[in-house]
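First chain written, first letter: the chains are A, B, C and D, and each begins at residue 1.
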């Protein structure tokens, strides 16, 4: 495995500007040559296939419509190691789960461009009669075969491939007929890689975004999406939104017009609603400022991304609440988990059950909104005061260029991600849950949060330390990692 | 079965005033003589047993503490036909379910004072090896044996016996060591009987409340509770609260000092929160006005009381949301159901699962409150404008006496209950769900709601009729009975 | 004729069923909640009913419905069509098994929870038509 | 020595484990996420490690961990204590069965999801003590 961007990537000067046409064309040729199935990619044929899809199978269109109608769509995750298993899974999620958006999660070898290993995983899975891979090896199957997945369902499909190396998977996925693709340079490089440089990660997604613009130029709207959940581990809204803004600026720079933003749930009804509203507004604020006036940026809420409880009943409550939170917050879609989350990849049945429970929760939430709640306003305002100083600093240090600023800001720790596996990320910023159940910043590392903002966070966290009778310190962060996975007996022992 | 109150009941003049000591003593003797186990009731011995209980096994104390601490306690329902099954159930609900309050639901024969049939049901259940009764036949077992249930758990226990004939079950239950008893004259007579007169029903509960006052005089605080859910079928908050006020006035009249109020969930986050706040305030308003200054009236929220969905995932969402609604509304306790609800009495496992999911939902709701939300204020205000005219009319027509006023108001249809099986209740009032998901009054029957209030209801319901493209009429009420039990495919078909 | 048997007060489904039958053109005698088995027979004789729609929701239906058919036979109403529906047994049990038990008790048809009134009306029409042709119920 | 094997980036549990081991007085070499099996061996030789704490969360642990013990044996580190923990297989599988599979692969101990660090520290201390007495692991 080589995490680095290919040599030719270095050929175009690194910035937030669009990749020049000729550089892109050369890169694309080299990219498609990396694995035999790359040769199956025929853009004109792919355009035709996309044109033949009804609009309800196009994720960009479906997201726009949901937003206009105030709906909250449901989407699970899911990928198995063989075509047969994946076909069955997607059919089940579509029909039994009533998923509005059907996913294909790729396996970790594919994500890491270890396609030979993925190939072996297919064989092992077939031999074992169960999936030995944690996702669908799309590149190994190639676009033609993979297209059978698209044909098997009557919904839009999205590629979920948590990696900083999306270039070949992106080509294959779009050519196969997927109309959505999750992943972004900043978010995934900081949360899914260890040695890859931030610059290389950004470049890789610039390629994917540029490819999306090529489809766009042919009249095909594709939905790109940013995974603001990062390491999924107590990410406070402000940090997620900073990455949403930066990745959105980079995507828009390449010509992307449909760019979804994902936020992991904090599990606090008011903080989540405030975060989702703030995210959409702040992303638009910076896009407009950069001259991108026509990028559609719906927000997706994600079921709890941290450690799940092991008890089925507790997990069921978390699933359902995830629907409530997304709906009340006005998210355009919600990405679901299941009661199996703490144990392993869910069975198709468990996955469909999670989808249905979430859907019912959305129904039950009716159209209730909290926008007029004073606490909501206050929290939203706070998020703005947290986000702007960081993003402004990134742009400043990059002399106005979001790409260059990001690389420099990560180096300097001005941009930091909690619990990151990437060695180039300081990972000194440390979040924890406060006494009210909101995620706050315990230690800011070198992130330039304003003093008054940090004072608010500290005060709330000190209240929690006092209530729980623990020291104000790192243990707050560690216990916050475990919290939601604790047993009910621990969380809420019987009264008396 | 004889639904009527016993002859001697007629001896004391019917009113909201306390039953005279001698009349009560005579009635009590006669009452205890109705079934052999009545002879086992020894009040002094019972007082001693209650005095020996730790305060965490006394429901009155536990409710007061929860209220002071802002906790939301959990309580399931549950009863099986034999002692062994009931012991196992209560242990499971206590230990696996973490129930804060452990129930004993009686069977329907016991409720209807058909103790001979209940006796046969015990035998049949033992023969069949499964419960052929829908609850525990407490009177047949008698107080001594029933006390084993109290000894088996480390929580307070409550008798749930949906009937207008609680006199012997009440004696047995309290003597056995139960510290809580659910049921009330107006609510249960209108929703659990067919031929019993309202007066007889009120008298029967006056007996129970008077008995509670006897314990109170001996220093034993017992928790009495009003079941405002009535027929459980789309009861709007105003109708539930009217019955809460009337039954509370009658209970306080007999000397009850701990009187819980139950409200079935409307399933609308804001309407439920408003209802629970309004209920507590309005009940206190009328109690104070009647000179009862020291009655503690905590509110309990009940998981959806209407028809449940048959799909496990949908039901799971409804269970969890029930915890969210109760917690956000600030209810002092929540009474839970399970995913088996639509099918039948849940297994102990399913029951415990429902408890745990609800408990987790309560935990996740943290201490979020909606009191400062303008919609909340508006809804709460509306409820006050609905409730006061009805209660004032009842008191007026009774020349200031709540008991007499109630009987007269029911006769006149000024007080009316939707979907009542009781022939003396007009059951002309008809509720339905409006476009926002709130329960409203479609047809008021003869209830004296102010015109401006009814105009609000009508407008909201017309909006629903328009949206659903159905006629504004009775079908709205019938489809509202089914609504929550419909499949997801019907409620929220896939987009596009 | 409709009613809820035994000590059961669950009237909503039975009332909605009555409303639907009326709307479908049947003449309905509604006995309401908490109706002893004997009252069904008495009313059937008095009103010369063609069919009886028994609800049982509260879980004790199995006890209440024992010998129900026999009461009608004893009263000479051998031929009357009898349906039963609701939550017939205690707890979540396998439906085919429950159905078998109730058919064995002599009910012509048994309906599971989640039955909608359209379905009942349809079956009833079919059975009346079948009877005109001499069958007991339609297949 | 701690690390997450294969292409797995789930670092949180492994990092918390490293923190806990350090607090318990062990000297910890943390290899971090995405660590190939060979790197564990290399680092073990370089640092003369006594024990290896391998995490695998992402579901491909069964593929990644094959032959892990053999690599150490080949390198002459026959005796090194090796634990594995996390979500070792794809999906929700029966733990005793999973444990058996990983012990058969040569791991000294395998830990299910929901393991807390106290438990690991305790087992590690016990095993080191057992080794001082010549056993492979404590019983």
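Criterion: a residue touches a chain if its C-beta (ideal position, glycine included) is under 8 Å from a C-beta of that chain, and two chains touch if they have at least 3 such contacts.
Just so it is clear, the model here is predicted, and its values are computed rather than measured.
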(message) If you apply the touch rule, which chains end up adjacent to both subunit A and subunit C?
(response) B
(message) Nearest whole angstrom, what separates the Cα centre of subunit A from the Cα centre of subunit B?
(response) 46
(request) Report the inter-chain centroid distance for subunit A and subunit D in whole angstrom, where each centroid is the mean of the CA atoms. (result) 30
(request) Just give me the whole-number Å value for how far the CA centre of subunit B lies from that of subunit D. (result) 55
(request) Please report how many Å separate the Cα centroid of subunit C from that of subunit D, as a whole number. (result) 65
(request) At least two other chains touched by the same residue of subunit A: list those residues. (result) none
(request) Quick one: label the inter-chain contact graph as line, ring, star, complete or other. (result) line
(message) So which chains actually touch one another? I want all the pairs, not just one.
(response) A-B, A-D, B-C
(request) In the complex, go through subunit C and note every residue touching subunit B. (result) 4, 6-9, 11-12, 15-16, 19, 32-34, 58-60, 62-63, 87, 89-93, 113-114
(message) For the complex, give me every residue of subunit A touching subunit B.
(response) 55-56, 62, 65-66, 69, 71, 73, 98-100, 155, 267-270, 309, 311-314, 316-321, 323-324, 328, 352-368, 370, 372-375, 436-437, 488-489, 491-496
(request) Write out the stretch or stretches of subunit A touching subunit D in their complex. (result) 1, 107-109, 111-112, 114, 117, 121, 124, 130-134, 191-195, 231, 233, 307, 310, 340, 342-347, 350, 419-421, 423, 478, 481, 485
